[in-house]
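Got a structure here, written out as structure tokens. Questions coming.
When the chains are written out, they are named A, B, C, D, E and F in that same order, and each has its own residue count from 1.
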Amino acid sequence: MISPALKEHLLLFLKEDIGYEDLTTEGIVSEGTEAEAVVRAKQPCVVAGLPFFRELFKIYDPAVQIIFRVPEGTEIEAYQEICTVKGKAKTLLTVERSALNLLQRLCGIATLTRKMARLIEDTEARLVDTRKTTPGLRFFEKYATKIGGAVNHRMGLYDAVLVKDNHIKIAGSVKEALRQVKKAVPFTAKIEVEVSSLKELEEALSEGADIILLDNMDVETIRKAVKLTGKRALLEASGGVTPESIREIAETGVDFISSGFITHHATWIDINMKIERIEQIG
Amino acid sequence: MISPALKEHLLLFLKEDIGYEDLTTEGIVSEGTEAEAVVRAKQPCVVAGLPFFRELFKIYDPAVQIIFRVPEGTEIEAYQEICTVKGKAKTLLTVERSALNLLQRLCGIATLTRKMARLIEDTEARLVDTRKTTPGLRFFEKYATKIGGAVNHRMGLYDAVLVKDNHIKIAGSVKEALRQVKKAVPFTAKIEVEVSSLKELEEALSEGADIILLDNMDVETIRKAVKLTGKRALLEASGGVTPESIREIAETGVDFISSGFITHHATWIDINMKIERIEQIG
Amino acid sequence: MISPALKEHLLLFLKEDIGYEDLTTEGIVSEGTEAEAVVRAKQPCVVAGLPFFRELFKIYDPAVQIIFRVPEGTEIEAYQEICTVKGKAKTLLTVERSALNLLQRLCGIATLTRKMARLIEDTEARLVDTRKTTPGLRFFEKYATKIGGAVNHRMGLYDAVLVKDNHIKIAGSVKEALRQVKKAVPFTAKIEVEVSSLKELEEALSEGADIILLDNMDVETIRKAVKLTGKRALLEASGGVTPESIREIAETGVDFISSGFITHHATWIDINMKIERIEQIG
Amino acid sequence: MISPALKEHLLLFLKEDIGYEDLTTEGIVSEGTEAEAVVRAKQPCVVAGLPFFRELFKIYDPAVQIIFRVPEGTEIEAYQEICTVKGKAKTLLTVERSALNLLQRLCGIATLTRKMARLIEDTEARLVDTRKTTPGLRFFEKYATKIGGAVNHRMGLYDAVLVKDNHIKIAGSVKEALRQVKKAVPFTAKIEVEVSSLKELEEALSEGADIILLDNMDVETIRKAVKLTGKRALLEASGGVTPESIREIAETGVDFISSGFITHHATWIDINMKIERIEQIG
Amino acid sequence: MISPALKEHLLLFLKEDIGYEDLTTEGIVSEGTEAEAVVRAKQPCVVAGLPFFRELFKIYDPAVQIIFRVPEGTEIEAYQEICTVKGKAKTLLTVERSALNLLQRLCGIATLTRKMARLIEDTEARLVDTRKTTPGLRFFEKYATKIGGAVNHRMGLYDAVLVKDNHIKIAGSVKEALRQVKKAVPFTAKIEVEVSSLKELEEALSEGADIILLDNMDVETIRKAVKLTGKRALLEASGGVTPESIREIAETGVDFISSGFITHHATWIDINMKIERIEQIG
Amino acid sequence: MISPALKEHLLLFLKEDIGYEDLTTEGIVSEGTEAEAVVRAKQPCVVAGLPFFRELFKIYDPAVQIIFRVPEGTEIEAYQEICTVKGKAKTLLTVERSALNLLQRLCGIATLTRKMARLIEDTEARLVDTRKTTPGLRFFEKYATKIGGAVNHRMGLYDAVLVKDNHIKIAGSVKEALRQVKKAVPFTAKIEVEVSSLKELEEALSEGADIILLDNMDVETIRKAVKLTGKRALLEASGGVTPESIREIAETGVDFISSGFITHHATWIDINMKIERIEQIG
């Protein structure tokens, strides 16, 4: 289900590109022209974003039809057909760019995420995303990391607590920060705290933090942290996570490895939508 | 000047991350805590997005102060200071991520664009961007390509005409498409048409197109197109533009080279904001 | 196609008149009352605004039916039928005023514009509109001038450049103003500059302005400007354009004549919607 | 006081003209350029709309200063100074058109209304406006008729009851319509009903209508209606009200005369804003 | 008819509870699961809010079906069926809480209002509501008091005049306040003034107030006020109105008794929605 | 800090009451009238909502001053002063009702919550709220329960998981429902499941649920559940929680007791704002 909030958000993308009207298409294409187009990626990728791709067309013109050829999350080969779009030629031409832009971005993220997740899939560690997402695209990009194989971290500042180094500096200590924050949050949210040393880790453990973020620690220290923690809290390793380093980090026994890389270093998949049939009706 | 429409757009970025409140910061940091933070990139880059970075803080808290250390568009070295942010610690902690996310994305685009623009700066050709931008970020990303050294192409479907292959297919010919579209658009907009052969180019020229987009032509054909056109219209080369190929295309004599690469293949610059002073007042 | 942005705009018109509910209609008319109404103008006019008229009813109640009796842009006689509206009596009564208000205004503009355009239709000059439109109604009023026979000028400050006298005063000269502005705008927009003398005209020509607005020049001077320009740029005559003066201006050979008169001196066409059948169903 | 709803409405006018940015002004004018401009009408008029004129500038740039030279509602002579605007040249140039468009429209309405109101000022009758206002401008145009000397009729379908001919046709009779509607509305709203004959007038009186609208009656019949009513309800004459006919209608003794003419036949007052001083600071 | 403004308002309620997605339901329930649920109150009540209850489901999913078992305003017994909801299980689970919350609140108000209205139904006095409504719920709560048997007072500060004690204090006297306010308001709105003594009542009567609010007067004084007024204006008694006192006040002969109690002391009716059938299709 | 989203929400409350203008106040009170008012409750209560009360005035008029006399959360006596409001008389009169309505509702909730929380304050159990809040007021009402002494439950369907009976019915079993939902949610959210028997409780424990809601169990069963759970998960008792029953439930050893009663059965505290000084300036 596309929720009302999500629909409103997608509508902004259409308004950004179309404004009040698509000058070219309105000037050339008649109401009675129907068309059919096929969407294909020119490179292998993980497909992500199909429900949003469809909804963008549906918002503009409820009569358009989208037939998916592969399920969301599929790893497709180059030039494999993703979906077919049928309807008024006007609709296809006007919505094409907005819908492709979103799909290309999300497939890019899902593909990079899948690649990273694969590197650690036989370990205990799971890949998680971060808040380092493109402004205005948080929900969509986190959706894509999930399709790619990551677990989502919090959506924003409002739905979970993460006590970071600056909060600790202001509160005076890990202990003090945790005590204050516990009073302020819904009991349904886990409490996470960032630590930069094994000493802070011990403090966090003794205050009963649910999740402890090990900030930029070397693999050796992470290994000690895992041992010291002994499953009393969930451990998240963060910082310097790349395709090269992720495997070694995962083997330390941490529960989660968070990566901004999967969003801010993802580039677009090359996808196009080719009109294969045009028909004049009425 | 940040226009009202732009301000409303930036506000969406804050709402996305903050929601109704920053649980962690509201739970730990008091109203009376003031702080000062320094923003630095960890890698060399072209700085882009400073006015938006500042406005995000100002929307949240008009009392915050931002002191820029370099002008917009500067090529800075790694660890050079970009700006200082002073004000309530609450404000700094709550807005930090939204403001950095936008800045990192825009610096990434400006840096890649500058690199591409440099490759052709001693030719007649100029680099232009495309509509292949992140949904919801069109204005900002085009702003960044301009800072990087590109010229902007149209903002959307509403502010200029670009007759593409599918429009031509539906209209029947380049000539017919151009005749129809001319009646429909403000006379202040240039009319651009995409052609895929020299034959279509001649047709476009005889119909008086202002700009002609040479779609995916090889360098040899572009060279012929330039000769055939003889300055009667502006020529834009498009397709397969990479750092490797751009120089050769520029030397054909085309006026513009458009590149989606500078937006959809830009990755983020690593920028952080470090709190360097905390003070308890009142 | 009515774009999402346009639909949102039309919805504001309904909200303005209806608020949360039409007290009178909700208090008197039952759900099961169906009606049919005929829309006629009491005076001859050019019909403009039919798609928006229909959309206003459709937004309120998708089940309503509108049957157009004449195509958009037709010059109709007094009391000729424009369209029929069928559906729930509630819908017809509640939307009537909003829909008629827009239609009457747009027909008024189209009719006045047609009259002006006719006066110069056998010359080379074409009539263009201005930004002197009713606040909040820009798109609709420019749509009506186009239906009336004018060519649209830029939509707003964002989609084209027009360097006016005050910009020149601040920049120091026509030349300086043009040089600065060229760097800032999409290459798809033509650059227009306002000049008040033949000397400024020459400066503008030598800087390669695409369009030159001759501000409040007398017919004799305009004629000289046309000669001096020799097709190197498009010329737009502006100022004091009335039904009495337009023909003489057109005969000077200018390309465009812009007129605020066609929007700010248009009055409404007297149109009403008469319920001709009421039926109780269910 | 400009209420929050009003502020939001004015902001739409700015967004319509400016979009994301004023390309010309941002390209030419620097932050440090200050200017001062004088606003004058080129023809005699009643001044209306000053608070909105000021607010449009203030929304864009709170630092701008507006000094009024005449109070709202003043009848000024041609070329008399209305106000002075001081501040950043950028602000003045960018907001000018939006602010003038609104002022010109509202002065046009106030001036025409004042002329009509004058014609009956020594009678008992008072001029009232209608819902025939430009879509999206209802509040502003009714404000202008009030400044001009009219009394406002209801704002929309939501704040008062007006039982019209079609409501009566559906309900079966004036009596039945009034009985039904009374149950549905706040007791703070007067109940008005439209009648087309003296017989219907009697029915309305016996049902205790607060206001009775005499629809398109000739002067003789209106006179009879006044006599028959004997102050038991307020009488509003409507239909065919022009500067030529209004006096005769007023002398019948009706309480109110409603006129769509004062809004839909008002044209703009010619007002301009001239920059008289430019200064480079900082 | 649910107006566009009302639809937008209801949509806010859905966004508040659902955000971008219902995590639990999206994670567990498939698209193909259909369900049927029955809505019942666990206690006797007056049913109010059915059109809004239905619209909340319809906004989320137009395919859902709501079958009402009792008409709006019915006094039902405990466990009597109010309506049935059929459709996708996802829709039922996701919208349930928002729709029930509104229904429970509105039934609570209608039930309390009905109880109060009953106490005076054989007198001349009628119960009216006030502006003491939950922020953001004014229209809905006033709708519920109407269903309960009250007459609505003004909707807000914009649709009627009520001169209160502080306005009088500032104006200097009842007389002065009334004179000033008459000039400012639509003639379709009745003018109401609050008086705190019989002396002020006389002043209000001589100024021709339409409604006079007797503020916190004892029953004896109200009786004198009724006599003194002699039907020259409508009288509204206000202050200290409870189930215990309302009958005695009504018997004084006042026209209206206003009560904030019916909104701010109403509690929710216990209503639940039970899924009685689940079916897997497709 | 009042976040941008919160500010927008408060603005809706002002628009609801004021519309485009406060007819009475604008008609009577001049710009130059200043006033000072004191806010007092007529009954003992817990003060909640002061930051929102202040913000409502500040949004309308940033120049207004609010001086708090007691801190948020204080238990005050009847007629004790809560705060003073100083500024333009117009502002005070126009915003008064919106600001008081919110304050009265929130104080009502905080007062009832405090009473309930007191009853169990020496036990291990803590009081939590529910999603049974007034539509559109979720954030504010949950804020008030927190001030009253409760812990917040999830904000909505988007920020935590609560698997309810119907989810379980659809999934087939507690185990199956938990397995599916775990894949779908951010790892920062705790997973809660509702159980109706000790058998389901065991199933939930073996699937590692973080929180288990004991739905409508009698005290004896709850006691067994606590024993059986042995701290392996947090236990939340729900259903039939009243001031009479809460103590007994708390003594079973459950961790949390959730209560809709503290929101849907709270009534308003009687608070008024009395103007104590009026001054004419300028």
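Basically, contacts are C-beta pairs under 8 Å (C-beta built on N, C-alpha and C of every residue); 3 or more make two chains touch, one makes a residue touch a chain.
Here the structure is a predicted model, which means the values were calculated and not measured.
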item	value
Chains touching both subunit D and subunit F, listed by label	B, E
Higher-contact pair (C-beta pairs counted), C-E versus A-F	A-F
Chain whose mean Cα position lies farthest from subunit B	E
Cα-centroid distance, subunit A relative to subunit D, in whole angstrom	51
Intercentroid distance (Cα basis), subunit C paired with subunit A, Å	44
Interchain centroid distance [CA atoms averaged], subunit B/subunit C, Å	32
Per-residue multi-chain contacts in subunit B, two or more chains	18-22, 26, 94, 139, 155, 158-160, 162, 184-185, 189
Which chain pairs touch, all of them	A-B, A-C, A-E, A-F, B-C, B-D, B-F, C-D, C-E, D-E, D-F, E-F
Residues of subunit D that touch subunit F when the two form their complex	1, 3-6, 9, 139, 155
Subunit E contact footprint on subunit D (complex, rising order)	126, 128, 146, 151-155, 158-160, 162, 184-190, 192, 211, 234, 256
Complex interface listing, subunit F residues touching subunit D	11, 14-15, 18-22, 26, 59-61, 88, 90-91, 94
Subunit A-touching residues of subunit B, taken from the complex the two chains share	12-13, 16-29, 33, 35, 89, 92-94, 97-98, 101-102, 104-105, 131-140, 156-164, 166-167, 169-171, 177, 180-185, 189, 264-268, 275, 278
